[in-house]
Amino acid sequence: MTPAPVTMPAAARAATATTAMIASVPSGPLVLPHVDYGALMPELILIGAAMLILTASAMTVRRAPQIVWTAVTVVASAAAGVASFVLWQRVTTHGPYAGLSGSLAVDGFSAVFLLLVSAATLLFALVANGWLEREGDKGPEMQALAMLSGSGAMLMASANDLIVLFLGLEIMSIALYVMAAMNHRREESGEAAMKYFLLGAFSSALLVYGIALTYGATGSTNLGRIAAFLSTEVVVSNGVLLAGMMLILVGLGFKVAAVPFHGWAPDVYDGSPSPVSGYMAAVAKAGGFAALVRVLLSSFSVLRLDWQPVVYGLALASLALGAILAVMQSDVKRMLAYSSISHVGFILVGVESGTRQAASGAEYYLFTYAFMVIGSFAVVSVLAGLGDRHHAISDFRGLAGRRPFLALSFTVLLLAQAGIPFTTGFLAKFYVLAAAVSGGFYVLATLAMLSAVVAAFFYLRLVLVMYGTGVQVAPLSREPAEEARRRSILQPILAGPGISVAGAASPVAVVPAGTGGGELPQGSAPEEGPLGGVFEQPPAASEAALPAMAAVAIGACVLVTVVFGIWAGPLVELAQRSTLLF
Amino acid sequence: MTPALLVSGDPVALGRATIVVVAIVVVKALLAFGMLMTAVALMIWFERKLISDMQNRVGPNRAGPFGLLQTMADGIKLMFKEDLLPEGADRATFRLAPFLSTVPAFLSFAIVPVGGVVHLFGYTTELQVADPPIGILFLLAMSGVAVYGLMLAGWSSGSKYPLLGSVRASAQMVSYEAAMGLSVAAVVLVTGSLSTRAIVQAQAAHIWDWNLVRLAVIPFVIFLAAATAELNRPPFDLVEGDSELVGGFNTEYSSMRFGLFYLAEFMSTITMSAVIVTLFLGGPDGPVIHLPLLNWLMPIGWFFLKTLAFLFFYVWLRAALPRLRYDQLMDLGWKVLIPAALGWLIVIAGFRVGRVTGLVTFAVAIVVGAGMARAFAVGQVRNRDPATSSSTSGDFR
Amino acid sequence: MSVPGAWYLILAAVLFSIGAAGMLLRRNMLVMFMCVELMLNAANLTFVTYSRMLGDVAGQVAVFFVLIVAAAEVVVGLGIIVALFRRRSGATADDFHILKG
Amino acid sequence: MTGVLAVTVPDLATFVVAGAVVLASAIGVVVARNPVHSALFLVATLFGVAVLFVEQQAEFLAAVQVIVYAGAIVVLFLFVIMLLGVDRPEGLARDPLRGQRPLGAVLVLVSLAEILALARLHWATGHGTAGSTGGASGNVAALGRSVFTAYLLPFEITSALLIIAVVGAVVLARRPHRVSQQQYGARDERMVATERSGTGRSGTEPSGTGRSGT
Amino acid sequence: MTHFPYLDVLVLLPAGAAVAVAALPKSLAKVARALALAGSVATLIVAAAMAAAFHVGPGGFQMVSRHSWIRPFGISWYVGVDGISLLLVLLTALVFPVALGGAGERRNERSFLAWMLLLESACMGSFLSLDLFLFFVFFELTLVPTYFIIGGWGFSRAGAAAVKFFLYTFLGSAFLLIGILAVAFLHRRATGHLTFALPALAARPGFGAGTAELLFAAFTAAFAVKAPVFPFHTWSPDAYRESPTAGVVVLAAIMAKLGSYGIIRFDLELFPSASLRFAPVLIALAVIGILYGAVVAARQSDLKQMMAYSSLSHLGFIVLGIFALTTQGLSGGVLQMANHGLYTAALFLLIGMIYRRRRTWQADNLSGMQKSMPVMAAVFTVVMMASIGLPGLNGFVGEFLILTGAFLTHKWWASVATVGVVLAALYLLWAYQRAFHGPPGGGDGPLPDLSWRERAALAPLVLLIVGIGVYPAPLLNRITPSVDRLMAHVDASAHYRQPTVAREGARVLATASPAGARP
């Protein structure tokens, strides 16, 4: 096996491949292509493990405890991670190539995404374990579907053919539709799945039509051949190609929940089981962006001037709407959903510049964001209680007193998402902004940072709530207490637009609008330390034990976020190197 | 629309059509239709007579010799009955449904090679209405479409029992279609072509070239069972189980519309028998005396003989077997026929590659089959025990 | 000589638009889903037409895959719809138990 | 592509008829008030498309289209419609979201116009690889070959897709555990009222759904 | 020269102590305070040692420590100290132990101490960084501990104040980050080399004058918010009032200097010509801030609020000194940063001590404290006088240098600014009179005077206030070479010459005795 070192715009090679394919079609013995199992190993491991646990569960009378399925999933994901790493090693030593009749791109870019998906699946398995045990959901389906979905995302990331891309996307999404519907105790779960499904199907229809038009315009669905075609032919005002490209963009935009196509995200993140929301946010975005970046930056890089304005618009809209709407949420999961939309905006800011740096920036962002968001939803998942219902912001009140570990972890993860230094979140933002700035998109970068400020507001609000500050402790009676609690939570929210929006526009306007000075009642000494009350108050919600596996997952997420935020070199270099092999 | 599908492989579609060619096609179609209609009339008589014999009754004996014209009489009676349209019916659909049922039944017959090749007026033509390159897929397509007739008939009646009957019918037909397709796949695998003509020709040499033998009976059995279910014939006639559903999907129908359903059912039975003959029993293959007329009449004779055997078989089944319970029906389809068909297909494929591969595949298939049996057993246990239950059984139990 | 490909493509584009319009206009989940199928069909028609115009079988292969995907989507989508309805008004689906033969 | 004159009559007729059926039925899918009628129109569209496939030497796909789409997919649709008893006409009069209807229509029209304008009949610019897709009967073989050579990977990964579909169907069909449902939250799940619009033909309801048809 | 890695230790030692404190088991919670104090004192000792090892004379960076951090971006751990940062590092090292010792929080003490130590680390990092990225990281990092300190240990409306503080400063940094990126990438475009190191970027900027002005605006936005300069100050009264004593001490004494330090270090280094161009604007803002702060402060009866506005006024002086763009003014500005840090810290500590005794900040509710607390009254007087700018105390030296420096270039603005000095005297003395004179009232019995512990905390501040006032030469000796270097850089890059008098004047001052400081 001597894989041909194909870099994408290798026109000549693609051309010969085309003729070879056509010539081989009509007659003669069937020559199967060389199957590069090494390149497919991560996907194969995940699919195989999924099959294994499904079969095993069907064969045993007594339902095996959930931990068994989790263990298999963890081992399989770890193995897939190792396989991805081996692949990475191979790519770094032998160079990238297109395997399996050119339908699979084996390069650093895909290897990193394989690694990312493996890690995400592993973490998901850990988080989901506790969730499934709590909900009394026996059976391996959740874990199996997660692995299958992961394999779909992997295929998307390494697809070198639009058809493979489409199939990968469908494998990923269809599994996610099912996973979204798997909370039997919540009405919202079914509706979330429904909404996700309908819009997902709609978007994939758009994508398919886009692929069809692209196929017609370029004569191939192979990304390499499309690139070759576009680089050799002078395509002047090819409307079909543009329409096809835009439809592909829109289809993938739906998947990553970029703004005009984001409508499903909040409901779906809210309604789905919390671990699934995290997985969705990490893996679906990773897969979608991997495909988007590959398509835009390799095949359609010639048409840069055509897609850049669109991506610009998407990025801007995602940034603005994601951040502003997140501020208005009173539910943590919805807030995280909107925040994920603003993160999408950030990644698009990076993509916009269309350089190699953009690819690695997006990659780094997604890689680190996966840990943050899975960790965040893991915390939500642990706290949400039976039925996965309690995730209003008010449910997080005074968390620090009750669950210091969770509060601290969540704080770190939220701060990382807000982009605080010495976390990977900051570096990720820095990375994509660097890509944008180096591409000359100063205005976009600045607007992105402004959106980050708005975003910081709602992350911090949640942190504050967890640490019980700014909120007076509830009086005795129950109902008004609930009301008061809501109102006090809402107070910063109501003040929010005043502070954030006006604040973004002109700092001067804020004091009168917001929480201006000098209004303290004369003579009455201000109550000191709202924290005190919180610590003395008995915890309101019933305390469930922290599932050990979820704790491990959260800890791992936090560690990755902080450690690689400080010891930044390795991950950044990984991202940088991976796209050198792009 | 469908004629376009039909003739695509024929000269008409390729733009080489002359008037004569078109005429031949038209004549063939008309001939086939007439033949089928006659066959249906005879089949109804045949069934009633045979059943009554088996049940020690006399059966129809008034109209015509041996009651041969009984069908005719019934048909005329139906024709003149009042055509009722139920109050709650969805009118258009109610009217459409019988035709949706009849047309596929007839169209399926188009691909069946009735005999060999004849030379008439300087033109060579095959004794079948059409031989499209996708041949046998057309059968599957038509049997897929046939569901609509039943389904819509039940639904559009706007009443309870027909709806239940039609929901059952559609579930049953869709389920068994899978098994049927898989056993057809086995045939296609050994033939290497989808064309029915090619399938028949591949079986022409010897009796052990018949797919019945070459595929070691199993696909044949599966196809037979699946076809019976597709036809809603006993013992799979839950669709119209009179004791439970009054009359099933056609309860609200009367007059000729009812007659059309009846017609469709018998037409399908005949067509299906013919298809089985085509697929597994070599079609018109048989010893032929090479004389000018006989050499093309005898294959037709063989074909009719074989088909008749299956028709007899169907009637016999009806007389001999009780109706299945719905869950038994579904279990048979999903847990026996489909896995068996699939497994056997793989084994055959293995043997096509090489003997060792085939044996290995066979062993693996047995192991997998054992595993599956185990899994089904587990499922049974779980369904009985509500504590461990996570029932996956459908809503129709 | 057969009909020019462009005619087919325009037909497909119109079909696609009808599907998209239906998706946006209707609120019945099942009908919306059917509209998605219309869109997929439009894409398929486009693929087949291009396949003929380019003399390349890849387009037909793509249709093959789209069909598979559509089937898988339908299974899951309808499963979700059924699950949703069953949970919403517990009665509807459970009453089918009388079907037990 | 040569002009219209070169088109043979049967081809043209087939295209026109099938195309008309496709478009008319597609519109029917969208505007039919009863989901069952929508489904039937969908079948008609599918058949029309199948005919167009045949017209373009894609017989295999035409057959698969009918088998898979008409034979399985739409049947499933109808099945679900009947199973759930949602076959009541939908009140199209009510605009779901204020302004969504006109907006949607305008959006679609604009995109259609844009696609058509962008194309301006320069539909295919890719490399024509000359020659046909294999002729009348070679088509299926060519397709099969292609699937097992150039498209081996996508072909194989569809298995994952189908597994997911199966597992998904099983998971979704699974009832929540009875015990735990009593234990928690069964009540309020049931209390959520259904919002079915329109007045149903109660005759078609299999049983008892009338009480939810408020 | 292989010397002790003073700077690395200075940055990392408090962070290490923070981790150690946070990681202490609950059973050892009592040790936390001692440990934290030990950590901050150790930092102070290291800082002192560093100051001792500092070479007086050369204006460049010393004790540079550089290690590659994120190689793909050319980002490195690059720290160094010069005369300008030296002072601020010392101030930081001093104020933190004082704040911890003088105004600790008992509730949830470990977290508080950990956050404080982390904040110290971040401040140190900001003052020492020579890499723009590194600076930004530390600059941003200061927000988090501050946010938690205000939000967690503040007063009734601390939450809102903390959020406001965070958002405002974060908003400023948003522009800063883009500015930094732009500077680096423009540099790369010009040189083909991606780096964030300040000296490299300052030596060869890759942008023209127009771009420089935009970038200057972006950088200055961040610093102006942080400082705060007049129209960007609105977060500060809330934050000052609501934060706990230790927090406000650090906020006013150290954090505010981050802004002015940033202006000196980055604006002047990177965009000399733009600085020159925008100097009038900033001077105008500074003077408006001086007057506005003073007037508003005069109208406050809340002591803490008054001090907040007074800080605004004093910080205006610093900005005025910087943008006078004369060696004198700049030196004065740098010196005044340290001075202001010292007396503000002391004042806020004192106010905190008053609050601890009387649970109020309202000057009207306090009266006659002089009787019961003579020591406190004495200390308060000294510190207050320093704040007013009484000759012989440190405030005077700084303000005098600033005003003389500014007078050379912006005569009218400087004249107007002097009104601020007068106003400062007015409101401070008035407040003093209301709080300390008159009949003792409102309280419950005689109040205890300053405890030994409190005295220990205040002592170093008061000593330095007096010491610098009397003998500022050692500081000016260290500041002036760096300022000279900077001014030379500005002159060279902007084709500008500051008045000769200014340069020479500062030199004379640096070597002169306190008496020589008189005009």
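We just call them A, B, C, D and E in the order they show up, numbering each chain from 1.
The rule we apply is simple: a contact is a pair of C-beta atoms (placed from the backbone, for glycine too) under 8 Å apart; a residue touches a chain by one contact, two chains touch by 3 or more.
Bear in mind that the values here come from a model prediction, so they are computed numbers and not experimental data.
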Starting at chain D, what is the smallest number of hops through touching chains needed to reach chain E?
2
If you walk from chain to touching chain, how few steps can bring you from chain C to chain E?
2
Treating chain A as absent, figure out whether the rest stays one piece or breaks into groups, and list them.
B, C, D | E
Sorting chain pairs by contact number gives first C-D
Rounded Å distance, chain A centre to chain C centre (Cα mean)
28
Could you grab the centroid distance between chain A and chain E? Build each centroid from C-alpha atoms only and quote it in angstrom.
41
Touching two or more other chains - residue numbers and ranges from chain A:
22, 25, 163, 167, 170, 174, 177-178, 181, 184, 187, 213, 215-216, 219-220
For chain C, give me the residues that contact two or more of the other chains.
9, 16, 19-20, 33, 44, 49-50, 53-54, 56-58, 61, 65, 69, 72, 76, 79-81, 83, 87-88, 93, 96
Going by the contact rule already set, what residues in chain B reach two or more other chains?
164, 167, 390, 395
List the residues on chain A that touch chain E in their complex, please.
415, 420-422, 426-427, 430, 433-434, 437-438, 442, 445-446, 449-450, 452-453, 456-457, 460-461, 464, 467, 469-471, 491-492, 495, 499-500, 503-504, 507-508, 510-511, 514-518, 520, 522-523, 525-532, 535, 568-569, 572-573, 576
Would you pull the chain C residues touching chain A in the complex into a rising list?
9, 16, 19-20, 23, 29, 32-33, 36, 39-40, 42-44, 46-47, 49-50, 53-54, 56-59, 61-62, 65-66, 69, 72-73, 76-77, 79-81, 83-84, 87-88
Residue ranges of chain D touching chain C (in the complex, touch as defined):
1-2, 4, 6-8, 11-12, 15, 19, 22-23, 26-27, 29-30, 32, 35, 38-39, 42, 45-46, 49, 52-53, 55-58, 60-61, 64-65, 68-69, 72-73, 76-77, 80-81, 83-86, 90, 92, 96, 100-101, 103-105, 107-109, 111-112, 115-116, 119, 121, 123-124, 126-134, 139, 142-143, 146-147, 150-151, 154-155, 158, 161-162, 164-166, 168-169, 171-173, 189-190, 192, 194, 206-209, 211-212
Which of the residues in chain A come into contact with chain B in the complex?
55, 58-63, 138-139
Can you name the residues of chain B that touch chain A in the complex?
371, 374-375, 378-379, 381-382, 388, 390
